[in-house]
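Here come two complexes built around chain A, the first alongside chain B, the second alongside chain C.
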Partner chain A sequence: MEVCGCVFVTCACFMATFDVSPLLEIRAISKRFGDLTANDAISLTLRRGEIHALIGENGAGKSTLMQILYGRITPDAGEILLEGKPLAAGTAAARAAGITMVFQQFVLFEALTGLENLRLGLGNGMKPRALRDKALAFAERYGFWVELDRRVSELSAGEHQRLEVLRCIMQEPKVLIMDEPTSVLTPQEADGLFETIRLLARNGTGIVYISHKLREIRALCERATVLRRGRVVARPDPQKTELDAMARAMLGDDAVALADLAETEDKATGTLSAVPSVPTMPSVLPPRETTRLFVEGLTLPSVHRQGVGLSDISFSVAAGEIFGIAGIAGNGQNTLLEALTGERLLPHGQEQAIRLQGRAVGQLGVLARRRLGLATVPEDRHGHGAVGDLTLKENILLTSTHVTHGEDALVRRFACSGGWLRLRRAGMVAEQVLARFAIQGAEARGPDTLARKLSGGNLQRFIVGRGLLHAPDLLLVLQPTWGVDAHAAARIHQALREAAERGAGVLLISQDLDELLALSHRIAVLARGQLSRPFICADFKDSPAGKSELRHALGLLMTGLGGTSTNPDREKVL
Partner chain B sequence: MLEISWLAIALTIAAASTPLLLAAAGELVVERAGVLNLGLEGMMLMGAVIGFIVKVESGSWFVACLAAACVGALFSQAFAFFVLTLRANQVAAGLALTILGGGLAAVLGAGYVGVSLAPMPRIPVVGSELHPWLGLLEHSPLFWLGLLVVVGVQWFLFHSRAGLVLRAVGDSHDSAHALGYSVLKVRALAIAFGGAMAGLGGAYLSLVHTPLWSEGMTAGRGWIALALVVFAFWRPWRLLFGTFFFASVTILEIYAQGFSLAVPPQFFAMLPYLATIAILVFLSSAYWRGRSDAPAALGKTFAPPY
Partner chain C sequence: MLIVRIEPREFDTTSTQGARAHLRVLGLAAVVPLLVSLLLGGLIFLSNGIPPLHGLHAFFIAPLSDRLGLTELLVKAAPLALIACGLLFVFRANVWNIGAEGQFILGAIGATGTALFLVPQDSPFCLPALFLGGVIAGAAWAGVVAWLRAHLRVNEILCSLMLVYVAQLLLHWLVQSPWRDPQGYNFPETALFESSLMLPILVERTRLHLGVLFVVPAVALTWLLLNRSLFGLAISVAGRAPRAARFAGFSQKRIIWMTLLVSGGFAGLAGAVEVVGLTGQLVPRISPGYGFTAIIVAFLGGLHPLGVVAAALLVALTYLGGEAAQVTTQLPYAAAGIFQGLLLFSVLAFGFFSRHRVRFTRAVQRPAGQVLQASANLPANPSANSSTNPRVDL
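On to the complex of A and B.
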């Protein structure tokens, strides 16, 4: 067996090195959706054993191109050759030819077990027992472990990811497409995935790796293709090109985004370490004079059967502070947000567990808490954040239920309307939000645009803007930049910083460690419903070693491996 | 003599449960594929009237049952066309199917009201004259078919690859589509099966239960079958308990009169519907909701992404 394996690997290496004819050739693919040119004569070649990065912002055309390659979209023009032969249309043909894809939003069936999911993905008549043996053999060969007998709904995001990857590699694909595979992984899990990807490439699989995390691309990829507005704008060598040069190619010349990107992506990184360095972070902890939010001993079960509840959570957010809560989604974030916003009331006798501006609010509903100065930017933009079928100004009116102490007189007057809608004033306020956050997509109808007509990133900016309208004392933000492109993310980050500078407390709940490290004064980790001791970011600022130490420690806590997650020095938290 | 009357009760329960069992087993498959077909009542009525007409005209029990199943399947494809191809709302389309089926059946059967038939013969059991309890096993072929269908559905859903694909489509149609399965084809076939079973259930009513045709003779059994699927938590085995329970409640009306209880008969006539509501309320409590196997994509319209 050993010898066979060696021979196989050697052959693969031989092929990878000397077979110069490309494995996959995408020739001048074009696709238009109405007025939008999603792909404009895009060409790309992939060699055997190559990891090829496809870089671009949201809407640059990456997803369309990969959907075309995977057979889900028929292109208007151009052709795709796999090993010199044209590829027939359709998903089934692409899969039969050896092209598989790990989707960003997992294609798994929650109600079925891991093994049943594998059976569905493999599409051949293999007996369940033989399939299990094959799955375990593949998992062992690529060095990871998966749970096959439990329902997918009971597995963590990292386990979902491994199941998806396993399903793809069990088809022994020639081409594997991975769409932002690390967005839900801890740094340690991501390192594990990179090892698997490198091993696959050594065995001759061609890999298209889609990401906008440039540091990952640098660590993994040999070649890169950069898309912007549906066109190939650059083909840099990730090993030799500076990160900000790649960023510039990706973004075009936009000063705001570049400034922020330069901040998030550490320019000084010359080395390709497995643990990337930490971006710039706030250096001074703001004085803790006024406590905006005080949570003590909050315990609450989840309303969902498989959901994670909260056990004995304690923390506080001071005025002027951005308090970050890191953690993989599904570790109690939703329960925490429901408890803090007032969507769920705490049981009698526990109202003291949440105090807003010094007042026990555990029994107060959403409206009452908003009157006390709470504003929320939820994760789910359509539904929780905004009503899609209402116009933007009507969405503004929905949260304008009381007189606020915003410095803007217009806001103060329009909200106090004695039960009548003041649509003209609401429109003016909506215009202000649109202008201040440079929201795209509402040019034609302005404040009368339906909320669902805005793209995810633009709607998110609008919701953040609406939250800040009333000068909140406490801003709750869950995953503010998930699925948002770099321009929008930069503006949202800027708005959060300004809110804190103005004296609001900001609670930022996110899975994105880069985002948390760039914004937060203190960070705690939520894992399996328990909150860790907060880390004061300023303590780690001085040395690069300190930064990577902090990132590593947070990553370990996120996987639940960081030792005790309880809060030993609760008294010191305040 | 008491022994005999218990025997009669047991036989009536089995008889009353058959149409529910057939229709509910079909609907269970439909719902497992993620489609809510509220047109059960309409499809049952169509099966009842066509089964009756074909029996009267052809004289063959087998042809009559086959025709009822085919008409049910065909009629259900009208629903499939609306909800799958035209992506209409499933609730509205299902209600429309119920109304259409009731009306159409009344028109088709207008000339057959008052015509009577001898009931479908039971399958005789060897030696049933030796002991009255052996008579318990004497049922119409449709009763046995109903049991067979439940066993078949259980095996199909949880032990066959096609059943796995069907459950996958009902759990997440987008994922199933992404993996290259034809969501619409799976759903159309499931709807056709559900229609065929509903048609058979209807035919049982007009051929076996009360061998005649009268307008609206299903008397809400389609709705009870729908509730039974929820009651069974979308698991075929539990369907058996549910149907026997409901059939018992249904026939209470007949026997209450026999036992001369001082309760108005309308109360017993009301019981099955009351029980349906009570059980649905009970099952929607948080405890039970968390334990049901409700298909995640149930009632959601599938639109291929491109």
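On to the complex of A and C.
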């Protein structure tokens, strides 16, 4: 196997050195959606072995351009040349020509296992045994761990993402498009992925890399193209340009607004990485007068056979506090979310394990908990947090039935608890959310836009905005800034802080340590279904050394190496 | 090894050509099935020694040439449309009630029972009471399915279907012994209702009765409930994304109960209308399979209330055609069933192929150990991108 690899590497280098014509040329591609120009005469060249960054704020047109390249969308004008030859229309032609894509969110068969998905995805009729060996070889080579035998529906977002990446690299494409591949990976996994990407590039693959994390771009890419409102506005050299300047190019006129926000926002979070500096951790722990959420001895098996359940989890969230739970996806986060929202009820006799506003709610359903002031932002945008085929105003009703609280009269009165929908009022409320989080892509039809027509980051903003609508007393958020650009991430962080200041308890479940460190008052780690004791961030705030010490400790706990909770399976495969 | 692959057709409805292509395919999916069923029907006529054009004329055109035929069409389309309206609720929520036939029969039994035993004949409320009796009986019959499905997790397809046979046996037993008309010369029928308990006839010397007009409010109500009520929203969410429904707090059990009760209620109403408007008594052959045919109607109508009306008229025509063809071409009445089957299959098949394409590819067998390979002979890329419910969010 090794020999094969070496032979290939040599011959790829050979190709890479002797062929200097660009691998891929995108020429003046334009695409309009009704009145909206998503791509306006965009050109881009990709050389063999190049890692090219495509950056821009949410709704700038990045995914649209890449879907055009992948053949999913037909452009209105322009052409694409691969190795000097025009590329035929359609995904099939693009695939046959060696273009593959990691989608921002995943397109896997939910009912099949990871291995079966790979088998279908590769479509080469390989025997399962051989395919498994190959997959494991790839996973080992590139240093990330994938679940091959569990059903995809049981996997968390991070695991989906790893599987998608694996599928694509196993095809060894000529052009690999990666649309925010690290959005739900841990830093370690991301590092592993970067190695993968570099290795592929060295073998001659051209890679287009979309990300909102400018530091990643700097670490990885040789060239960058910045899109703004569908146009190329800059082609900076990421190695030489200041991150700040790149962020400014992305935001254009909005840069001023960014500067304002930056004062309150931690500038070093992975998402708003314009200027590297020490994160401002919340300094004081809020007084623990009212407890919003109290969890004690919560034990719950996963609904899936091999899923990770919860064992004996205890923590509490006070009013005014942001409590962070760090952990790699797939360590019980889903079970915890379902138990807290009421999507899954606790067994009889265990009602007391979860107390919301002082009431035992283990046996109360979603609606009852919502009435007690719980709001949730789940991880999965499509099919969980929102329904793509419904309009935004219908989607806003999903979390608004049976609630009567909220800051203004409209919000208090639009929701219904049965009977007829108040669609016009729901539309007005949706309009508010659109305005508050500056959501783009819904200009033409407003609240009647179908949810799936929004770009990933914009839909995420919408779901977060909806979660904040009814002035919740307890806000449960998973990965709130997944796929959201720096500007909007700052806004979302700000909104979470404001919610806490207003007296809400915020439970933030994330794998993004930067985000957790920037927002949380206390952080605990969930690994293998067990929760560590919480760290009080204020204790580490004084020195930069303290901060990196905390980060280190959290990182170790997350990978299960921090003593108490170890994960034998994971170590074995890693 | 040959791999057969079914991929969704992707239309880029955002570009004008893409949108046009999409419309073209949708148009074809509506017209082609009709043509294909006519063609196949013609072949069936031919194989029975009947000139196809003559047969088709006798089947589809002759029945509509007079007033009687036209009114008969409405009389037959009404129960189909009523039942199918109810079926929209269950099917949109992904609950597979295929036992509307049983619920229809129970509706007829309920209305008859109310007429025979419960209402004082001269009260002004007696007519509405009959319909209420039908609705309750139909809903209760569907309620059995709901209970089995929601609380015991019994497959609703099986139990709703089997309850049809129970309903038929119940009907036969009732008309044979306890409810048989003592003055009825031993025919298995109940006594005829008083004329005050019958719906008025709308057109002289036809069977067109007032009950046919029930379809109008029923369709309007269905549309309103599906599109403008929280119940309808819960149905669309549960049918499209069960996980989102759970997240939103729409209880799965409740949706099963409510949709089944509503669909049973509609079927029961149709059964009651049939007895009160048409037969005026309970007879063993109260339904020529309306409950099953309504499933075809619901899908032919694209699960939309107005579509259902059009589909009901079309399918009712096959019933009339079957009767007419029996007389003029000596084909058995079952020919109606054949046309209904042809229609359903071609509609479903063409609907499927308008959304998917089939590809044949030859698998490339490669040595297992070869991990890296020159990028020149890349394997055909994934169809995994085409899960039945693709969730691409970019």
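Assume the second predicted complex is superposed on the first by the 288 of 574 C-alpha atoms of A that agree within 3 Å, B and C clash if a C-alpha of one lies under 4 Å from a C-alpha of the other, contacts with A are read in each partner's own complex, and residues count from 1 in each chain.
Just so it is clear, a contact is a pair of C-beta atoms (placed from the backbone, for glycine too) under 8 Å apart; a residue touches a chain by one contact, two chains touch by 3 or more.
Note that the structure is predicted; figures quoted are calculated from it, not measured.
K.L.:
Please work out whether A:98 is in contact with chain B alone, chain C alone, both, or neither, and reply first, second, both or neither.
P.N.:
After superposition on chain A, A:98 lies in contact with chain C alone.
K.L.:
Between chain B and chain C, whom does A:67 touch in the aligned arrangement: first, second, both, or neither?
P.N.:
Both partners, chain B and chain C.
K.L.:
After lining up the shared chain so the two structures overlap, which partner does A:387 touch, if you call chain B first and chain C second: first, second, both or neither?
P.N.:
In the superposition, A:387 contacts chain C only.
K.L.:
Return first, second, both or neither, reflecting whether A:121 touches chain B, chain C, both chains, or no partner chain.
P.N.:
In the superposed model, A:121 contacts both chain B and chain C.
K.L.:
After lining up the shared chain so the two structures overlap, which partner does A:179 touch, if you call chain B first and chain C second: first, second, both or neither?
P.N.:
second
K.L.:
A:204 contacts which: chain B (first), chain C (second), both, neither?
P.N.:
second
K.L.:
Which chain, chain B or chain C, ends up touching more residues of chain A in the combined arrangement?
P.N.:
Counting contacted residues of chain A, the larger count belongs to C.
K.L.:
Do chain B and chain C touch any of the same residues on chain A, and if so, which?
P.N.:
67, 72-73, 91-92, 95, 103, 106-110, 120-121, 123, 125
K.L.:
Spell out the residues on chain A that touch chain C in their complex, using ranges where they run on.
P.N.:
Per the touch definition, chain A meets chain C at residues 1, 4-5, 8-9, 11-12, 31-33, 63-64, 66-67, 72-76, 91-92, 95-96, 98, 100, 103-110, 117-118, 120-127, 129-130, 133-134, 137-138, 141, 167, 171-174, 179, 203-205, 341-343, 365-367, 370, 376, 378, 380-390, 394, 397-399, 401-402, 416-421, 423, 452, 455-456, 459.
K.L.:
Can you check the complex and tell me which residues of chain C touch chain A?
P.N.:
Its residues touching chain A are 1, 3, 5, 10, 12, 14-15, 17-18, 228-233, 236-237, 240-241, 243-244, 246-249, 251, 361, 363-366, 368-375, 378-394.
K.L.:
For a test of understanding, state which residues of chain B touch chain A in their complex under the given definition.
P.N.:
Those in contact with chain A are residues 161, 164-165, 167-168, 171-172, 174-176, 178-181, 286, 290-291, 293, 295-296, 305-306.
K.L.:
Could you please specify the touching residues of chain A with respect to chain B in the complex?
P.N.:
Residues in contact with chain B: 67, 72-73, 91-92, 95, 103, 106-112, 116, 119-121, 123, 125, 303-305.
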